[in-house]
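So that you can tell them apart, the chains are marked A, B, C, D and E in the order they are listed, and the count of residues begins at 1 in each.
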């Protein structure tokens, strides 16, 4: 899984029926210092994550293993909101 | 998922039976400013996306979760046409 | 999916039973100008693609969705031979 | 699979029900000399790997093939703790 | 699929039950000239490939499609030993 920060939302009217009701969040990857990095991707929100929150993202077929994404054409899901990061590095 | 812009179409006569009737669109990745970036890939269209439109693409096994791509040998699908992008970054 | 050009063939006698009878083609990625790029990968041919042909390749679990690759340990399949590329870019 | 070193832990209260009870470890990739490299990812621990240990990680759908990750929205799992590396290179 | 050269072996005592009895080989990617390149990954051997041999590797869910890797938490498998490479490039 990767860490990211929610920075916005995508809106689409014409879409696969499986996407109806899903929130499509724009996510930037972040480092362990929580600073955003280059790039972004779109992930379905399954935990009510809002803009500015640090989240955990699962990709690939594993993105379909939450209740709302089951059998849906989505390849990235926000499945946790991060509270704390302990690094011993 | 990633954002892209449809820039063209691929035509193939000799192909797996599962591809018959599918529209194979050429997609360039775009940034949040909707400008195209380097590179391209081919994705099956499931929502009637035409050249010039900004679309959302799912890849991997999730690309087979639309009605027309189910159990087909395709690893990228256009499953939404983007109306609006809200970025709070 | 990606575009590639078949540039050769791999031969293997000691292999998983599932690979018996499959043609293992060496493919180089190509740009929209059909010029080959750096790198290569190996893909199972499902459409009779010969050396020099421009082909469409599906990867990951989707590579197992053709009749000959079903349930086989292969992660890339040639599933179409490209006739024409229309780019409006 | 890839080799990594556990360098910390992620904590999340608001998360998919499937993640309850799972330990989310922060892993840095390592070379064959066991020195850490740039980057990191989050993997579920299935073998009791602690901070500082060198581990083997499986990603993608294969990350769901351990008892604790079955059908869960996780795309990386620590499934072995490395004892010894023999390189003949 | 990719080409690689087996350069060593990983040993692990504490591991997922599904890995018992599997040989975990260290593989470096090779070019068409069979020279090793930067990087390495770990793959389960399904064909008796020894150190120094040039092999074909399948990754992702396809790595679970050999008899010994079925339903196991492994994402890369050596499923052929390469005899010959014909390149017309």
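Quick notes
Keep in mind that, in the parts below, a contact is a pair of C-beta atoms (placed from the backbone, for glycine too) under 8 Å apart; a residue touches a chain by one contact, two chains touch by 3 or more.
All values reported here derive from a predicted model rather than from experimental measurement.
Common neighbours of subunit C and subunit E (chains touching each): not present. Overlaying subunit C on subunit D by C-alpha atoms takes a rotation of 145 degrees, rounded in steps of 5.
The distance from the centre of subunit A to the centre of subunit C, each centre being the mean of the chain's C-alpha atoms, comes to 32 Å.
Subunit A and subunit D have centres, each the mean of its CA atoms, that are 20 Å apart. For subunit B, residues that reach two or more other chains under the stated contact definition are 60-61, 63-64. Moving round the ring of chains, first from subunit D across to subunit E, one meets them in the order D, E, C, B, A.
For subunit A in complex with subunit D, the residues that touch the partner chain are 1-3, 31-32, 46-48, 56, 58-67, 69, 77, 79-89. Within the complex formed with subunit A, the residues of subunit D that make contact are 7-19, 24, 26, 28, 36, 40-43, 51-52, 60-61, 63-64, 71-76.
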